[in-house]
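Shown next, in structure tokens, is the structure this report addresses.
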Amino acid sequence: MADDKVTAGDGTFGVLAEFSSPETLMHACAKVRDKGFSIWDAHTPFPIHGLDKAMGLKRSWVSAFVLVMGLSGAVLGMIMQWWVASKAYPLVISGKPFFSWPAFIPITFECGVLGGASGAVLGLLIMARLPRHHHALFNSERFKKVTDDAFFISIEAQDPQYDSAETPRFLEEIGATYVEPVAA
Amino acid sequence: MAHAAVVADIDPVAGRAPLIEGDPSFHDITEVVSAPMEWKPPLGWYIFLGVSLCFLGLFGFSIGWLFWEGTGIWGNNIPVAWAWPIVNFVFWVGIGHAGTLISAVLFLFRQKWRTSINRTAEAMTIFAVMCALVFPGIHIGRPWLPYWMFPIPNQMDMWPQFRSPLMWDVFAVSIYGTVSLLFWYIGLVPDLATARDRATTRTRQVIYGIFALGWRGSFRQWLHYEKAYLLLAGLATPLVLSVHSVVSFDFATAQLPGWHTTIFPPYFVAGAIFSGLAMVITLMVICRVIFKLEHVINMLHFDRMARLILLTGSLVGLAYSLEFFIAWYSGTEVELFAFLNRARGPFAWAYWIMVTCNVVVPQVFWFKKARTHIPTLFIASIFINIGMWFERFVIVVTSLHRDFLPSSWDYFTPTFWDFAFFAGSFGLFFTMFTLFVRFMPMVAMAEVKSVLPQAHVHNRPE
Amino acid sequence: MEHEISVSPEEISLPESWNKLPMIAGGVGLISLIASYMMGHGSQQFSFSYLTGFMYWLTLALGGLFFVLLHYLARSGWSVVVRRQAEHVMGTLPVFVLLFIPVALGMHDLYHWTHADAVAHDPLLQHKAPYLNETFFFIRAAFFFAVWTMLSMYFRSQSAQQDKSGDPDITQRLQTRSAPGMVLFAVTIMFASFDWLMSLEPHWFSTIFGVYIFAGCVVSIFAFLILLVLQLKGSGALTHIVTWEHFHDLGKLLFGFVVFWAYIGFSQFMLIWYANIPEETFWFDMRWDDPTWRWTSIFLAAGHFVVPFFFLITQWVKRQRLTLTLAALWMLFMHYVDIYWLVMPTLHHEAFQLSVLDFTCWLGIGGLFLAVLFSLMQRSTLIPVKDPRLQESLAFENP
């Protein structure tokens, strides 16, 4: 797709490099990490076990969303039932107290799970900055293969170490089979 | 040492074939899974959809007739006020359990064979829960007032009664449906991105593109994605236990003999998973032939599911015998009567169908030949589906038809409309399912790729 | 993962410092048991304290049996490096035949239904007599012990044989046989719970009771395995073999079964509370009406579920020596509270009342249990050295 190629310049998003296998990608990632790049990413069709270490990524904090929202869901669920059953609409049923906590456990639990699951999805969307309408990488025709069988590294022009001539060469050195600049 | 080199790929004990047959490349997986979405579907698909739509039409018509004429069209009577609608509800909720079991529980236990079948099983869950939700909706008698079940103040300043197990059910099943949908959708995102990137028409690209949320396979995203998926699985696991437990509470909190027994929650859960797995087998046998997925869904997967069926079926059998034992041991006359009435009373035929299908039939899976023989699997799975429907029938109808007051004892006879509703709900289920296999990736591509041998990195950098 | 991970012989043999433990544990156990007997023989308190201790250690040993059966049934790989300890735990099961003798001798103290005069005035007990009679009780006990002894000896000896031959067919065979083994295990544990614990209150019944006992078994085995292997590591064994990845997994399973225990316990309580039938509720009333028992019940719910739930929910707790040890010790303590709560209200229904015999009996049986366990540990390597899935287990990482 020669027509799609653009020369690196101010309107450049960065550079995209393709690798042939998960293994070469992981070794390349370790080298990019060691070189000190910070604004870069790897792109794969499926999650690769161990790539987070090779990229030097810290663990995900999605779990914090789940914990907070799950607990809030459970607490709110219990408060709702207590308030409805003993304040808003007290009604004697089968001789049980208004606040019959054993009967409120199932809904408390369900509300907690609902909160936690929403937290997981919300946390994912926030942390992964999704959904988004467009991304510069989609300008590359070749990048479509990332959801099929191709493995990429992208280094953004914003990275302080980025150099429009040097960086593509560096990527080729560490084993890229194909390198292309991407327009912003 | 030869076996150490391949430790991650091939089982050192059995030297078994890998999870996916035929040593495919990543691209082969994309092709084979995407094909049903992109080709003109085979004639069989149209026939199947046509038949399903007919039954869906019957369902729609039956519901219309019910609203027009009232619940008298059913065979429900006094004392059997809860009859087929509740049987069907519990049946469908039960079917819906295997999806989450396969996708969440097996995920937590790192059973990698699940990747070939989890997507379909999850889809099945959602459609089954949809079918289930219809029945309490129409069974309440005044279907224009379902919002009385939601925690909102209404015009009479009434609130729902949270001490009622039926309210727990509303929360449990609707939250289960919601969470299953989220779990399924999050799993679908990377595959929808594949469909978007392969789209040949603008319409497909836009529609798949919207639902793919702009996914670009970034590993920084994968990291959060995997965490979120793990946590969703972690939440879905107790949820799946809780949902059928709550359904069992509908019965077990009552004082009715045959309903009030403490084993109900785990016993219902085991039965639900049992029936759901049978339904997965039924569907898989059909799908893999129509859509040529024999390499992706192979004998290994059937073997594993058959083992789980044997396990859960045995648990169900154990629960049946414990119930009987305690009914006698308790020394409560009515309790013992209820159980003897099941085995020897007017509905003994239903009881023995249940025992045969649920306890006897799964025993064939002790043999490997049966676990890997498609016709046996198919027939056994149908029998188990039938058996599990009858289990709910036995619990609901035989417990009710002879209650504490002998003067009100009666026999229950279903009407044409009972059959129509049940058959119609299958129409809804299969219509949804047929559309799903046509327009969505029915195997989790990204996950299958990640269990292929070439996905493992053996020499990791420091 | 390309290369095989090698295992050094020092790492897999029992540390020197452990060699005296069978003697010490056995000595302490014997002295405690003799002391308990001297102090309490002939008293009801002795029988009840003894039954509590007996059920405590028996459930742990049964947990070991379950762990091994599940390991083979699920064809799991990661757990190979800890399986040997579970095998030793279940290896103590034959000893419980001997330890059962005081329970058998004290059965008139323990089980109301063994009194002919009580049965004569009680239609319910007359109804239950075909099941609750001494002859059948002993036949069943013999059956339970036969099944457990047979299963534990078979699985242990096959595993030991594999240490020599390295034959993968043994694993294959055990995988196949674990399925009927599991069926036998399920049936025996259900009815053993009915016989030895539920029939303490012969009028009371609950179908889920056996599942509740089973849940306790599993919690205790995971806690015990964590503790035992951590101690082995502390003495310099298994250093590179059992890693934090394995402990993390054991911790997760402990957490999971704490929740499972709560689920089963709550189901039993809530269904009985809700239906409010006097034939069933009196059992909970015995544990609630008196304030001391009420606080014990609250303590059980809080300590066996709420506290460990929030403690074990975070990841780092399962990957630190101190926190994980604390969690395991706590769960083993709460398991005792659980068994105590099941047994003792029958004796002290008016108020919670501790006795020194509770402690000495627990210590006595535990001492003998540990003596057998430690001497079994001396006789083999600490891991199944030639298990075909050993490499997978060694290389295991949490995804």
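Order as written gives the chain letters A, B and C; numbering starts at 1 within each chain.
Quick note on the criterion: contacts are C-beta pairs under 8 Å (C-beta built on N, C-alpha and C of every residue); 3 or more make two chains touch, one makes a residue touch a chain.
The model shown is predicted, which means the values in this text are computed figures rather than measured ones.
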Chain at the geometric heart of the assembly (C-alpha centres): B
Chain at maximum distance from subunit C, centres defined as averaged CA atoms: A
Inter-centroid spacing, subunit B versus subunit A (mean Cα positions, whole Å): 30
Distance between chain centroids, defined by C-alpha means - subunit B, subunit C (Å): 34
Centroid distance [mean C-alpha coordinates] between subunit C and subunit A, Å: 43
Residue list for subunit B, restricted to those that touch at least two other chains: 165, 226, 238, 242, 245, 249, 456, 458-459
Residues of subunit C touching at least two other chains: 270, 274, 399
Multi-partner residues of subunit A (each touching 2 or more other chains): 49, 63, 94, 103
Footprint of subunit B on subunit A - complex, ascending: 21-23, 26-27, 29-31, 41-55, 57, 59-60, 62-63, 66, 70, 80-81, 84-85, 88-89, 91, 93-94, 96, 100, 103-104, 106-107, 109-111, 113-114, 116-118, 120-121, 123-125, 127-128, 130-135, 137-138, 143-149, 152
In the complex with subunit A, residue positions of subunit B that touch it: 25-27, 30, 151, 153, 157-165, 167-168, 171-172, 175, 178-179, 182-183, 186, 190, 193-194, 196-198, 213-228, 231-232, 235-236, 238-239, 242, 245-246, 249, 445-447, 449-450, 454-462
Subunit C residues touching subunit B - in the complex, by the definition given at the top: 1-4, 73-75, 78, 123-124, 127-128, 131, 168, 171-172, 175, 179, 182-183, 186-187, 190, 194, 203, 205-211, 259, 263-264, 267-268, 270-272, 274-275, 277, 279, 388-389, 391-392, 395, 399
Subunit B to subunit C touching residues, read off their complex: 1, 3-5, 7-8, 11-14, 109-110, 165, 226, 238, 241-242, 245, 249, 252-255, 260-266, 307, 310-311, 314-315, 318-319, 322-323, 326, 329-332, 366, 456, 458-459
Of all residues in subunit A, those that touch subunit C in their complex: 49, 63, 67, 94-95, 102-103, 105
